[in-house]
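The structure appears below as structure tokens.
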């Protein structure tokens, strides 16, 4: 069983390390721009770094959920590849947003597309599992047989 | 194994779609009230939509955790029904909060009750599993036998 | 299978109860310092309680993820003990932050160390599983045999 989720777990651990990196960046920015907790107000440079980290944190549980549902019900390998793409996109997003609000956009759209792909994998995998468990119909198997008949 | 979590996974995917919908609403509100990132300050109308989305995001990982523990240890069917109720409550909450701070309250209390129910299912299921695994005592089975003796 | 995660699930439910406690504290603070939603601005006393809860919420999904990966791939018992330590640290953090920004620091460093420990357990467990599944090499077993040869 663990064999089917070990790569997902590895990507999840990587995601946590990335979040830790973002948190450290906020701590450095707090020192650099003299913004002491509990305040989160400061110059735009600080605000951007703080918002970048907040946005990544906000999407972290969504990413983990969709990574695991896609991995469990569709394909561990494909989900993990898209998971790595997402983490890379988030890194570019954080770096871009630290520089200017404009530069966050391209990586943000990229991350969003990767999330939609993972969500599609999840949906396909779950629907196909529903058919298998409740309608006793293996859609993927049927598709393969149909293709063989055609060939 | 996947049979025991496929409905939970489906509800989780729905929850992510709902979060995506809330995120889009914030993007539209940013445009409508001219609030450019990284700022999150703006007129009360924008603030309410932003806070509604933030609150839903904050509770998202709690909801997912309790949905899966209740589903794994108590009942997948019942947890999924309560999961759907929660998502419906969150939709009403978001719509209500967008209109006025007052209108967020009724759906908020409703969502809170649903979460407590899911938490109770989880607790019951986990306690009964503890008894079964560590005390070799099947509480639910014992209860059934006791009822049969009485009858 | 559920036997291998039941304690993790129990710790997760405890973590949710702690989050519920923090949320109630924010609601009381909103009343005490007359800060009505959607505003999150107020006197420093309110700000600290609000930020304490926000920080705990932000780390909640990271904690849950690392608790489960460490529990699944390394040791359920050890992960759960560290999970309880984390929850206790978070309680001290919240109480400390409510009193002064300074008093949040010691428990924050403690929580951070516990998270790094859980992350190390996860990494070790995942790496050892990778070796077992993909290199057909049981690192822990080899280590034990080597120790026996030495003895």
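Chains: A, B and C, in written order; residue numbering restarts at 1 for each.
Operating definition for what follows: contacts are C-beta pairs under 8 Å (C-beta built on N, C-alpha and C of every residue); 3 or more make two chains touch, one makes a residue touch a chain.
As the structure is a prediction and not an experimental result, all values here were calculated from the model.
Interface of chain A with chain B: the two copies contact each other largely through different residue positions, with under half of all numbers used appearing on both sides.
A rotation of 120 degrees, rounded to a multiple of 5, brings the CA atoms of chain B into register with those of chain C.
In terms of their C-alpha centroids, the spacing between chain A and chain B amounts to 21 Å. Residues of chain C found to touch two or more other chains are 1, 61.
Of all residues in chain A, those touching chain C in their complex are 1-3, 5-6, 9-10, 12-13, 15-17, 19, 36-40, 54, 57, 60-61, 64. Of all residues in chain C, those touching chain A in their complex are 1, 44, 47-48, 50-52, 58, 61-62, 65-66, 69, 72-73, 97, 101, 104, 119, 122-123, 126, 129-130, 133.
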